[in-house]
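In what follows, chain A forms one complex with chain B and a second complex with chain C.
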Partner chain A sequence: MRPPLLHSRSVDETMIPFKYRLLLPMAVTLAAVLIYPLLFSLWASLHDYRLTAVGDVRWVGLEHYAALATNRSFWNAMRNTVIFVAVAVGLEFALGFLLAILLHRATPFRHVFRALLLTPAFITPIAVGLIFRFLLNSQLGVIPHLLRSVGVDVDWFGPNLALFSLALIDVWQWTPFMMLLLLAGLEALPPEPFEAARVDGATGWQALRHITFPLMRPVILASLLIRMLDAFKVYEYVYAITRGGPGESTETIQYHIYRVGFLYYRAGEAAAMAYVLMAVILLFVVVLFYVVRREATS
Partner chain B sequence: MKTQLRSIYKLFAPWLLVVALVLSACAPMTAPAQPPSAQPVTLTVIMEQVPDYDIVAELTKRFEAEHPDVRIRFDPMPYDAMRDKILTSFLAPQATYDVIIVDNPWMDEFAKAGFLAPLDDYIAAQEGYNLQDFVEPLRAIGEVDGQLYGVPYYNYALGLIVRQDLFDDPSNQEKFQAEYGRPLTIPTTLEEYLEVGQFFMAQGIYGAAMQPQRGYKVFEEWKNWLYAAGGNLMDAEGNVILDNEAGQKALEMYIEMYKTAAPPNSLNWGFDEALRAMAAGEAATMLSYNWMLPTLNKADGPAGDLAGAFALYEPPGGKAVLGAWHWAIPANTANKDAAWRYIGWLTSPAVDKERVILGGAPIRTSVMNDPEVWEKGFGREYYETVLRILEDAEPLARGQSAEEIINEVGTYLNSAVAGEMSVAEALSAAAAKVREILARS
Partner chain C sequence: MKFRRYAGDAAALFILCAALVAVFFPYMFILIASLKDAAAINRPLDWGFTPTLANWAAVVRSDIPRQAWNSLVVGALTAAISLATGAPAAYAFSRFRVGGDAARFVVLSAQMLPPAVLIVPLFLLMYNIRLLNTLWAVTAAHLTFILPFVVWFLIGFFDDIPRDLEEQAMVDGCTQWQAFYRVLLPTARPGLGAAALFAFILSWNDLFYALLLSGGDSRTLPVGVAGYWTFRGVELGQMSAAILLSITPMIVLSFLVQRYLVRGFGGGIVKG
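And then the complex of A and B:
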């Protein structure tokens, strides 16, 4: 007698279980769009792979990685990127938190304010770069014109300010996104600890410091990580406004990799740079996790 | 075994079905009605979206009328997108583009990589083409290792564009004579240029709208100063000499001009900003592309009431930086013959003359000496000046790594102008970088 269908285990199910078959499309897609490019770029980083000589690829081992140790331009670009990330994400967090707290209160029209504040995040970064290139342009820009009318002359893209100006543009565009993440975190906090604190006579600052911040720690970590990873990819503002200048003062790591890979066609070297960048970013993520967790446990 | 096959079939059958459906959707709906030979050939041409492209597009209508078996499809785009697109087409099994335009720093790199088809046989077979009629420095850019891979499309050699009305102003002449003990004339040396720049600055107008933007722009502008100081990037034997005495003098004077006669906060200025300053009447001179003169002097052009007040001269020192675009045929296109029919027609003496009359930048000597072109174009003086500039011009950079050299040297030059490095440090670092690049290639 044939057993009930519900309990049958056909041969094909034992060979590849149903749950894995469901995973297969995603696994194939991931392999095609993520794993293959990663492995290919790793292979390229170990070869003298130039786009103008793809028929003459030579194994060089770790030569590209070793050369990076003394590559002044590469480490200068890395330094610029780290400064950019620290300034931009730091300011975005401070302003974003402030705005989130203000919008968390029962302010009239707060939904309208929230929608308006989010507008910059919907603009493509290359368009934002072009907008600020003109806004801050010493000939045509409204901002330098207004500043000059009150006797202030600022060279926004001069050697001392250019990197900071780019960071400010990033702050303008991405503070609302940070605010949105933090606001979501604030709205999810339980009301009881705050009510208890109020009954105990805690001031607003004490409640913020001893209740809001500790409870918000996971959200803060996630927000900082998301923005930091995104800020490390800064390229559009540099491309649209300064092209890495004056000198190399705004050359970020992504722009540097682009120059080597797509302007000079040295794809092998560019791939090695990308892998080093990946390692640096991983290091930052690990350190950030460690710092936040250590604070949580203490 | 049979069960295993069935299970594999079950696993992949839906995917095979999807692939089959997609492929069937991509397939042509009907078979070609005519044999392939009767079909017109469609050539895809990549172009930079500049005024010269509009002129070519206009002339192409006539080419298509005269050659019904060839259709032209343009793919115009900004400069920044072109190099990547062209390279992708080269690397594809079948070319995306049948006709390309090649900027002068790319020529050796593309030709030596085997990306371009030689044109010598096509040119030899075309009656009345007259290759030697192209101004020699322009023609020479298309030649790599004794073979011709490109023919000129248009030039962008640099010249000195000045506000002639300011130079002719008796009040300015009198003041200049009193201060410098010589008449106010168009500068022919770096020393004179610096004096003229500083003089106009003192009169309340910027002496020079400069383009010290990092990379290509500062290199392009400064190299005119380098020529004027008697220097060059390399000597005849290929030794890097840009950090010699002439190089130092050129960079010191360039920075002096920037600090004392250029608009403040113009460290990132490129072509657009300098042009705007000239057109707005804010600057007395600029080193820029020779064909900017007709644009500035155009009655309804960007200069407004100042139209007609501008004049073109050779850069100080006489020798100019030469930039040029060339037509070329990718080695991987299947339509080489049709591609040459188009290029050969467009660059032939007769059609090129029409292109220049319509406002295109000149490339042929005969066209620049043609009274009809003088009359219908921008006047005898302009074409004769452009011809003098072109005859004594040298390309921005040559060799397989020209693009990298231009950008790297341009970075150090900009650092020196910004004050981040001294002149000696910047030139020494730039020379070392060029040597490193050359050693690698």
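And then the complex of A and C:
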């Protein structure tokens, strides 16, 4: 059984080199599902394009992009997303590094711990959102009940705390992944500097500060970037719990674009926002790629 | 010295156990909630309730099993197409360095793209070719990020397999295609298996695309689970059961593919 396109004599005779024939199936698939939508989106972002009136489309040039500069909801969503990403990824890094170090040393049962701790990274974020909405619900949740029994009364999804609570949910789900990335980095470190430090009588803390951190810098940077790229796309927790509220206090960028495009049907405007978001994301990917490449060649 | 070692172990175990409790507490909470009737759910700290399977029975009779089947079909289709089209491409990128670093960068970027960029055109495309609200629409959307992911994953995998095998096979008279198909692919079987499982898991867990591209009978499991967001008290037990149905298979699969996780999602920073 061979895919006919790849092997058939007729394609051979067109003299397409083997290496390009290998790419054909993927190129065709991605052209249909990825390239075409990307181009269409760019086109839509330059037009007054509404899902309610797809027959009546007007060229507006860069108007949508220019309007974003003064669009308060858009910048509010950007701000919320940046706060969410900073809080979530910051905590994930601190906790993840601690756990990675504990799993790197010869702690008993460390492989069992690692396997069990990693499970949140594999489950659907919508389920995680709903679980925590239930768990933190002020009437039905265990956590508010337990807190009240020691005299603490917190409204987790009220206007002051909701964005922070969503970030904590992200911490629950993604700290294990951060832990794993950092653990892989620790395991790839050369042993010699640590042996030399031990011979010289360095304490564990000194070794951590002067050897582990400098050597780990590229891995740390890459781990932070990878998590930030992913956290930027947060949507499910917002959808499951707050739907952007109270007010617009938890409206994140991905949710905002969904709302403008599919609840208000302003597809052109949503496409412009999406392109701005994509530019930010690509900037991060460039840095990530540079870090990875430099490590791979050094 | 020995004492310090034990003290260190004890502190490490204590922190790790605390982390384990934090991870498993939510699982336990919904497992218990799925066994409670509506009245007992109103008393979250009451452990003396009588367990009931009524929620599970209601979920089995609801649309949830059908939606789970849909997710299974979409996941299997996505994994199959990603592997069939992605493996030859990854081979070209790895062995022939087609496009060099630029190609690798494009592959990495593609899997990181925000879904918000693609959803409107995909929605209109599926509407125009009358595939909206079918499993094909969801599969196509999942390919947008899962196919680049699979290619990225397999590039790393093929890079690690020595060329000698294929070169020897070609000396022995294999064509280039046979060297890839008969010699390299069987060697890379663990990587292909892991890629397929990751593809399936990513597809099974997606809400954003499925929410907008599936409807009615074609809804997938995350969309069905998201349907409980109205949060009516009587449905919370069922919601918990449905959530468990959706997450338990993935937790089981996680133990099979965890060792490939860094390689797959680590962007290539360390060879896990």
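Everything that follows uses one rule, which is that the second predicted complex is superposed on the first by the 266 of 298 C-alpha atoms of A that agree within 3 Å, B and C clash if a C-alpha of one lies under 4 Å from a C-alpha of the other, contacts with A are read in each partner's own complex, and residues count from 1 in each chain.
We take it that a residue touches a chain if its C-beta (ideal position, glycine included) is under 8 Å from a C-beta of that chain, and two chains touch if they have at least 3 such contacts.
Please read these numbers as outputs of a predicted model, since none were measured by experiment.
Student: Between chain B (first) and chain C (second), which, if any, makes contact with A:Phe262: first, second, both or neither?
Tutor: Both partners.
Student: In the superposed arrangement, does A:Met178 touch chain B (first), chain C (second), both or neither?
Tutor: Neither: A:Met178 stays clear of chain B and chain C.
Student: Could you tell me if A:Met216 is touching chain B, chain C, both of them or neither one (first, second, both, neither)?
Tutor: Neither: A:Met216 stays clear of chain B and chain C.
Student: So, A:Val238: does it touch chain B (first), chain C (second), both, or neither?
Tutor: neither
Student: For A:Met78 in the superposed arrangement: first (chain B), second (chain C), both or neither?
Tutor: A:Met78 contacts neither chain B nor chain C.
Student: Give one of first, second, both or neither to describe whether A:Gly158 is in contact with chain B, with chain C, with both, or with none.
Tutor: After superposition on chain A, A:Gly158 lies in contact with chain B alone.
Student: Which partner does A:Ala115 contact after superposing on A: first (chain B), second (chain C), both, neither?
Tutor: A:Ala115 contacts chain C only, not chain B.
Student: If we overlay the two complexes on their shared chain A, which of chain B and chain C does A:Gln139 touch? Say first, second, both or neither.
Tutor: Both chain B and chain C are touched by A:Gln139.
Student: Considering only touches as defined above, state whether A:Met15 meets chain B (first), chain C (second), both or neither.
Tutor: first
Student: Of chain B and chain C, which one touches more residues of chain A?
Tutor: Counting contacted residues of chain A, the larger count belongs to C.
Student: Need the overlap of the two footprints on chain A, from chain B and from chain C, as residue ranges.
Tutor: In chain A, positions 51, 54, 139-140, 262 sit in both the chain B and chain C interfaces.
Student: For chain C, which residues count as touching chain A in their complex?
Tutor: Residues of chain C touching chain A: 8-9, 12-13, 15-16, 19-20, 22-24, 26, 29-30, 33, 41-42, 44-45, 81, 84-86, 88-89, 91-92, 95-96, 98, 101, 104-105, 108-110, 112-125, 140-141, 143-144, 147-148, 151, 176-177, 180-181, 201, 204-208, 211-212, 221-222, 225-226, 228-229, 231, 233, 236, 239-240, 243, 246-247, 250-251, 253-255, 258, 261-262, 265-272.
Student: Under the touch definition given earlier, write down the residues of chain B that touch chain A in their complex.
Tutor: Residue positions touching the partner: 3-4, 6-7, 10-11, 83-84, 87, 91, 109-110, 113, 115, 213-215, 263-268, 273, 276-277, 400-401, 403-404, 407, 411-412, 414-415, 417-421.
Student: Residue numbers of chain A touching chain B in their complex, please.
Tutor: Contact set of chain A toward chain B: 11-12, 15-16, 21, 24, 51-54, 137-140, 144, 153, 155, 157-159, 241-249, 259, 262-265.
Student: Which of the residues in chain A end up touching chain C in this complex?
Tutor: Contact set of chain A toward chain C: 2-3, 6-7, 18-20, 22-23, 25-30, 32-34, 36-38, 40-41, 44, 51, 54, 95, 98-99, 102-103, 105, 107-110, 113-128, 130-135, 139-142, 145-146, 149, 172, 176-177, 180-181, 184-185, 188, 218-219, 222-223, 225-226, 229, 232-233, 235-236, 239-240, 253-254, 257-258, 261-262, 267, 270-271, 273-275, 277-278, 281-282, 284-286, 288-289, 291-293, 295-296.
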